[in-house]
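First subunit A sits with subunit B, and in the next complex the same chain sits with subunit C.
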Partner chain A sequence: MNRNPRAKTLWGITDIIVIIVALVPVLWLASLSFKDPGTIADGSFLPHKWTLDNYRGIFQTSLFTRALVNSIGIALIATALAVVVGSMAAYAVARLRFPGKGLLIGAALLIAMFPPISLVSPLFNLWRQLGLFDTWPGLIIPYLTFSLPLTIYTLSAFFREIPWDLERAAKVDGATPIQAFLRVIAPLAAPGMVTTAILVFIFCWNDFVFAISLTSTLNSRTVPAAIAFFTGASQFQTPIGSIAAAGVVITIPIVIFVFIFQRRIVAGLTSGAVKG
Partner chain B sequence: MAEIVLDHVTKRFPDGTVPVNDANLTIADGEFMILVGPSGSGKSTCLNMIAGLEDVTEGEIRIGDRVVNQLAPKDRDIAMVFQTYALYPHMNVRENMAFSLKLARVDRAEIDRKVNQAAELLELTELLDRKPANLSGGQRQRVAMGRAIVRSPQAFLMDEPLSNLDAKLRVQMRTTVARLQNELGTTTVYVTHDQTEAMTLGDRVAVLRAGVIQQVGTPEELYQRPRNLFVAGFIGSPAMNFLPGTLEEGRLRTALGDVQLPAEMAAKVRQAGAGRDLIVGIRPENFEDAALVDGQRAEGRTFKATVDVLESLGADKYAYFRLQGARATAQELEELAADAGTGDAPGGSDQVVARLDPASRAREGQQLELWFDPGKLHLFNPANGAHLTL
Partner chain C sequence: MSTHSGATGVAQAPPQAQQRAGRRAKAPLSEGARAERRLGWLLCAPAVIVMLAVTAYPIGYAIWLSLQRYDLRFPADRHFIGLTNYATVLTSSLWWTAFGVTLFITVVSVAVELVLGMGLAMMMRWALVGRAALRTAILVPYGIVTVVAAYSWQYAWTPGTGYLANLLPSGNAPLTQQWPAIFIIIGAEIWKTTPFMALLLLAGLALVPEELLKAAKVDGASAWQRFTQVMLPLMKPAILVALLFRTLDAFRIFDNIFILTAGANNTRSVSILGYDNLFTALNLGIGSAISVLIFVAVAIIAFVFVKGFGTAAPGQEVERR
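After this line comes the complex of A and B, so read on.
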């Protein structure tokens, strides 16, 4: 670490600039959500007339509340599945030598690089044939497809960091392979798993492309898609206030998530860097 | 407690390398057996096969009366101490030691009793609630030992358990390990690359080279009667000196001068049918300052050499000198030098070392008359490394 005071100030200023650049749009959104519809376009950063009407409004429509339930359910299920399946796959990638391992890793990487938008029309047709259109699994499956490569990559990096001797010791101590994984390896990889889970959750939570094209009703429409269907009180009124309020509401779970697991995430993101 | 038998055990990797080749070894019940050899000699692979962490390609491993080839490590009833200790970082010392008992569903009171007993034996009682991260190297090592002994297994397998400790602690732990094994009387297989550890700890020692067991015997046997050049060069510190020699009608010409071989030795060499060129081995302690030898002087030979370096260790003096044409060459010697890292060191192999009585008046750079007993010479066949006069 550089303790030089000049460097310190420079770093401090840079940090502040980055934080401002990142936070201004969020604050702008929050400010919009509290503005009265009449003053929404007044261009001032702070609302002149505070109101909670936008929030009341969105929670009164089933369009939003139902979408919120869909969003939470789909994101949680997809995350849980991705972490469970991904950690097993990552463990195999990190620890086992098996034919086709290089191919598997390459294929996973290939999928991660695939532009999601190119899959939308084929999936749309496929899902309608299979009856998966406008259902929870219809969204969970593509989310898994795109989050598993990430999961496998990050988790296998974590598993690789765990000394193999620990697993061997557990086996000699009388553990079955499953016990060795669950009682020794998994607890040590927990920071990695939490980090990965959050990344996957954010990905599913934020997705718009699949949500807008593979859903058609309240059945499975998630919040990002539902927001696009917001309407004003009359056709001449833009629903900017409601959209802003919905935006704030769906940001909150992520913020809470990150705050709770902040220390774990930091530990997770850096644990590979320094040999502890 | 049980006997461990390796019956024609071979390990072959898919890429064709054979880390262990046709190993036969019987480790008696309660015996402390050391597997020693340079790195890559297959000693750890042997241990892993006994533990069940690696498959056996050919042959049979028996623990007690059971063939264990197909058994998972957990069903073999053995405990292992790893070089890295492999303590579970998320568990404290007590949990680390109790882990195997918990998996075996031993009841809680019994677990507590056994853990406390083992902790007392290893002086770990105060540390039971600490995490491994907060322990010193020596303490971690003791926890690893404790984790092995709480289970009262059939056998202990130790994979270089002391090599991560600093020198002083290693000597101390060496006695701890020896004492523990004596008290518990559990069959122990101990892998090390340190020949001092091998000599001091083992009831018997097996020397491995490139996957083949070279010789199995008590430390004295290996030291006094090494079966080949490799064992002779590996066991003993400082290592045995090797010089080229030529045998002509019972007279051995070496850089140490011409020696009339005792009749018995000469006969054995003839019997073995080796050529005239031999490798002569002599241990540093078989030299002495000629000025200090009186009684047996007539039985030995003397020669003069200039002392290159003199190391005074208090109880001993080591005199290093060079002799004309003293560089012996053989495959085994090159391997040993490579392992010790002296292969390309300047003046490594034509240097001869003698251990002298501290009363010796030898000085660096001065000529010294040295005495040795030709009966103590070891003669080897340079072609295959075999000892010719056993």
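After this line comes the complex of A and C, so read on.
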């Protein structure tokens, strides 16, 4: 590798191009969200007249605030369940010997490939009969299912890396099994579980197919689905500003995750999917 | 412990471990092994139950529904009609148009993503400056909600409102014409998912030892030769996994089209078509038949990858250590 300044400049320029391409659509949406309704359709990339009205508007309608509560609640519950259920299976896959392990891994892979739209018609009908249509569990259940393969792969890859002998060593040193687990294994497993939780949360937060098919009211409609039904906070406002503002609001947690956990997210995405 | 891999893996076990495993197979299960078995099943049970209950059962139910005339506008007129729904779908030009559009989007976007993703992966490994910034920046498209990104593209291409549409000669509304709209959909898809492809390829690139590339260079291999003769063969498993995942994902495309065009002007994908039949036409029978056909198409794609190209499924890997 040559390290001359020209190579550095070239790399730098390429970097900047990639970063611009990656961020421009997000900045464009942010710009729209700050545009005044009168100038929103002026085609300029930056707002000429800045305003917070779009944000005020969406936070005054229950259409958005309820959807935000639904999104947060459903994604958090589904993530917690997926991490608990997935950890159990991943521990077994990584540490125990039992027949049927290959089958479990194969089944998880099949589900990772499953087209969600194929489940929409049967679940729509089943959920109506079971009273799960348009409820939180009605979305949490499919999210849990579709995040389990990811959870099992990622966590079992992490669990394999844990030096489990430490647990035995701690017990030899007089720790009780619970102490050994809490003091030695849990801290080692925590980073992998946090990573997995972030990936699952992003998945649930992102879903649209189930969110528009299995909900019908504010009871359980999440933000991505609610946005698609925005008509504008008032009749004098185009929905563009509201949609842009709502989009920015639900992008904020993602950007925060990316900035804090970028290393972990990269490790998690690659650990389960590619052989080492 | 770590030398055992599932039923499918080929364990690269050290010889003495293989002997151990061989002896165990002959001897009756010890109490400890039996307890381990039970614990393994017990720990996996919740995951297995949830996964089966929410996929296997509904897909069976979808097959059952697809064999009936079941229109929610005429619920009383529900009866068994065999394969008629499939005949209706498969003889309809709507289905074949949607199928063609879906395949086109899938092939073009995955091909472009592979090239761009490879470039990005190399940048993330070898760039002299800004690797961390690069990684952070590309995770934004990966993490952002697809619907939100789709709105950003939609407004960008809306005449008058958008910075991109205003670059076109006036009077153009690209989202209202079939091919321009399809290319915008492909662009949105590529923007959103290239980072994922790049990260999977980066993991594959990590398997290429630096010394090997240096040795090839010393032996006089050109950059292109080093890429095709050294890197690509070593990365092949990672590339195939990335292609398999992205192909299946692209074939299920829904969110981008729903927001960008809602399927107007023949830009429907098969998933959009299924959704429309279910929620606009309220025809559960036809909608279910489309669901089952999409499922079959996805299964065929996966089968071709796994059997045809020998893509190793993740999780079937040799356990490390």
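Heads up, the rule we're going with is that the second predicted complex is superposed on the first by the 221 of 276 C-alpha atoms of A that agree within 3 Å, B and C clash if a C-alpha of one lies under 4 Å from a C-alpha of the other, contacts with A are read in each partner's own complex, and residues count from 1 in each chain.
Keep this in mind: a contact is a pair of C-beta atoms (placed from the backbone, for glycine too) under 8 Å apart; a residue touches a chain by one contact, two chains touch by 3 or more.
Computed from a predicted model, the values in this text were never measured in an experiment.
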First, second, both or neither for A:77, with subunit B first and subunit C second: neither
Subunit B versus subunit C as contact partner of A:240, first or second or both or neither: second
Partner chain in contact with A:218 - subunit B first, subunit C second, else both or neither: neither
Contacts of A:153 with subunit B and subunit C, given as first, second, both or neither: second
Subunit B versus subunit C as contact partner of A:179, first or second or both or neither: first
Touched partner set for A:69, first subunit B, second subunit C, both or neither: neither
Which of subunit B and subunit C A:188 touches, first, second, both or neither: first
When both partners are placed on the shared chain, which of subunit B and subunit C touches more of subunit A: C
Subunit B versus subunit C as contact partner of A:108, first or second or both or neither: second
Residues on subunit A lying within both footprints (that of subunit B and that of subunit C): 276
Residue ranges of subunit C touching subunit A (in the complex, touch as defined): 1-2, 4, 6-9, 33, 36-37, 39-41, 43-44, 46-48, 50-55, 58-59, 61-62, 65, 120, 123, 126-130, 132-149, 151-153, 155-156, 160-163, 165-166, 191, 195-196, 199-200, 202-204, 207, 237-238, 241-242, 245, 248, 251-252, 254-255, 258-259, 270-271, 274-275, 278-279, 284, 287-288, 291-292, 294-295, 298, 302, 312-321
Complex contact set, residues of subunit A against subunit B: 163, 165-166, 168-176, 179, 183-184, 187-188, 276
Touching residues on subunit B, where the partner in the complex is subunit A: 51-53, 72-74, 78-80, 82-84, 86, 88-90, 99-100, 103-104, 133, 147, 151, 157
Subunit C-touching residues of subunit A, taken from the complex the two chains share: 1, 3, 7-8, 11-12, 14-15, 18-19, 21-23, 25-26, 28-29, 32, 40-45, 85-86, 88-89, 91-93, 95-126, 141-142, 144-145, 148-149, 152-153, 156, 160, 164, 202, 205-206, 208-209, 212-213, 223-224, 227-228, 240, 243-244, 247, 250-251, 254-255, 257-259, 262, 265-266, 269-276
